[in-house]
Amino acid sequence: MANNNPQSGLEKEQIFSMAEKEMEYRVELFNKLTNACFNKCIENRYKESELNMGENSCIDRCVSKYWQVTNLIGQLLGSGRPPM
Amino acid sequence: MANNNPQSGLEKEQIFSMAEKEMEYRVELFNKLTNACFNKCIENRYKESELNMGENSCIDRCVSKYWQVTNLIGQLLGSGRPPM
Amino acid sequence: MANNNPQSGLEKEQIFSMAEKEMEYRVELFNKLTNACFNKCIENRYKESELNMGENSCIDRCVSKYWQVTNLIGQLLGSGRPPM
Amino acid sequence: MDKSMLGDLDNLPEEDKLRMSSMIDQLQIRDSLRMYNSLVERCFNDCVETFRRKTLDKQEETCVKRCAEKFLKHSMRVGLRFAELNQGASTPD
Amino acid sequence: MDKSMLGDLDNLPEEDKLRMSSMIDQLQIRDSLRMYNSLVERCFNDCVETFRRKTLDKQEETCVKRCAEKFLKHSMRVGLRFAELNQGASTPD
Amino acid sequence: MDKSMLGDLDNLPEEDKLRMSSMIDQLQIRDSLRMYNSLVERCFNDCVETFRRKTLDKQEETCVKRCAEKFLKHSMRVGLRFAELNQGASTPD
């Protein structure tokens, strides 16, 4: 098996494994964000199935603030790694 | 390596991988159902270690209603996939 | 492929797979313990970023009690398996 | 969640692209099954309070449907905003 | 959880049956370790409220034992009902 | 969490040591990403209550920083105590 790729097989495995964890992290971030903003913005009596104007603008601001908290804590953890 | 199976190796991998996810889904459904019904039906002062009659019939109805919610939302998600 | 190891390849796979689950269990135990004791001991107004004396001694006792609950339930589940 | 959120595959060799793409598919299937489970959990918890009978009454059924629909709409909106932030398309207050 | 809930392996070739069965074993081990962890978490949260000493008092110990026993009995009953539903053996209200 | 908590590799053959050590590395990476996610979730939930604007105000920012710092200090202390218990170094009340 000729391997004229600059990366060895082992290095490639590590790249894929890291990429997988990175993706799992993104999926989890998205799910936690979605749940947090649902809890903060949506009244849970469910009088209707549409989002009203107040809920819509709450969602937009909530996503934005959640994002900022992610960045803030990312800086604090001192990692060069961006949250996404 | 003779492969006189109608399914190729790749197809078989996909079947096993799908079966695994399906099983993980069932385990998670069972665990969520168990926790939800414990929260709804069992008084958490733990005055005794037996389930009393009221708790027992609450559990039976709770499982049945949880099941119906699973089906209802399954229909809504438009999937032909049964919840089990 | 000579295999002069007393363990067969399959047995080895099982040992690694068991070790992995055991480690996942420990990580989850540690995370649940950490969260439970944070919820029980730390006031969540965050008036300062230091742990005060009361919080520190609460944490120590909380870890100790959580550990005892782990052991108690381990005995009850009748497993010879130690919680760690 | 939208596939595009999981990363840009354009500058990979063909063989790795395939493998990465299959990895993303696997994650999406797992994620959608989990989402289904947690949507059921949420709507059950919010809508079903009494256990005097073993079938959902009309009111509980309506509540569950609205809960699920509302969550899906919410989730879609969050997805849009999230994608904007990922592309750095942030606007002032 | 009961193995039978995870599916019917009868109409598979022998080799695949083995592999599927080993997969189920793996899931069960992982699930039982998780169950152990979340049972401890629940009973600790419900039963231990004060931290004036580092050992459980008698009352806390009794509470934890009852909590765990009650949860296990509950879980068994849920398993029975769940299996019935899976077999379509549903009866009227 | 500290690597040493995950077990003692000394009495393994060299090849297995490597594999076990790589497994531990993988678990630690996954765990630290999860910890990051749940720290954000916790501090957001505890510190951000109003949505009249789309940027964090000064007070929210301070709260988030303290929350994260406090959690990290807490987590470190728990780690120390946990390690002691694992080594059976328990002292009386």
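In this document, chain identifiers A, B, C, D, E and F correspond to the written order of the chains, with residue numbering beginning at 1 in each.
Here, a contact is a pair of C-beta atoms (placed from the backbone, for glycine too) under 8 Å apart; a residue touches a chain by one contact, two chains touch by 3 or more.
In UniProt terms the chains read A, B, C, D, E, F = Mitochondrial import inner membrane translocase subunit.
Small disclaimer: the values here were computed from a predicted structure and weren't measured.
Least step count on the touch graph, chain B to chain C: 2. Among the remaining chains, the Cα-based centre furthest from that of chain E is the centre of A.
In terms of their C-alpha centroids, the spacing between chain C and chain E amounts to 18 Å.
The mean-CA centres of chain A and chain B are about 26 angstrom from one another, to the nearest whole unit. Residues of chain B in contact with two or more other chains: 22, 24, 41, 60, 64. Shared contact sites, meaning residues of chain D that touch two or more other chains, fall at 34, 38, 47, 53-55, 65, 69.
Residue ranges of chain B in contact with chain E, taken from their complex: 12, 16, 19-20, 22-24, 26-27, 30-31, 33-35, 37-38, 41-42, 44, 46-51, 55-56, 59-60, 63-64, 67, 84.
Against chain A, in their complex, chain D makes its touches with residues 1, 5-7, 16, 19-20, 23-24, 27, 31, 34-35, 38, 46-47, 63, 65-67, 69-71, 73-75, 77-79, 81-82, 85-86, 90.
Remark: chain D residues 26, 29-30, 33-34, 36-41, 43-45, 47-49, 51-56, 60-61, 64-65, 68-69 touch chain B in the complex.
Across the complex, chain B meets chain D through its residues 17-18, 21-22, 24-25, 28-29, 32, 36, 39-41, 57-58, 60-62, 64-66, 68-70, 72-74, 76-77, 83.
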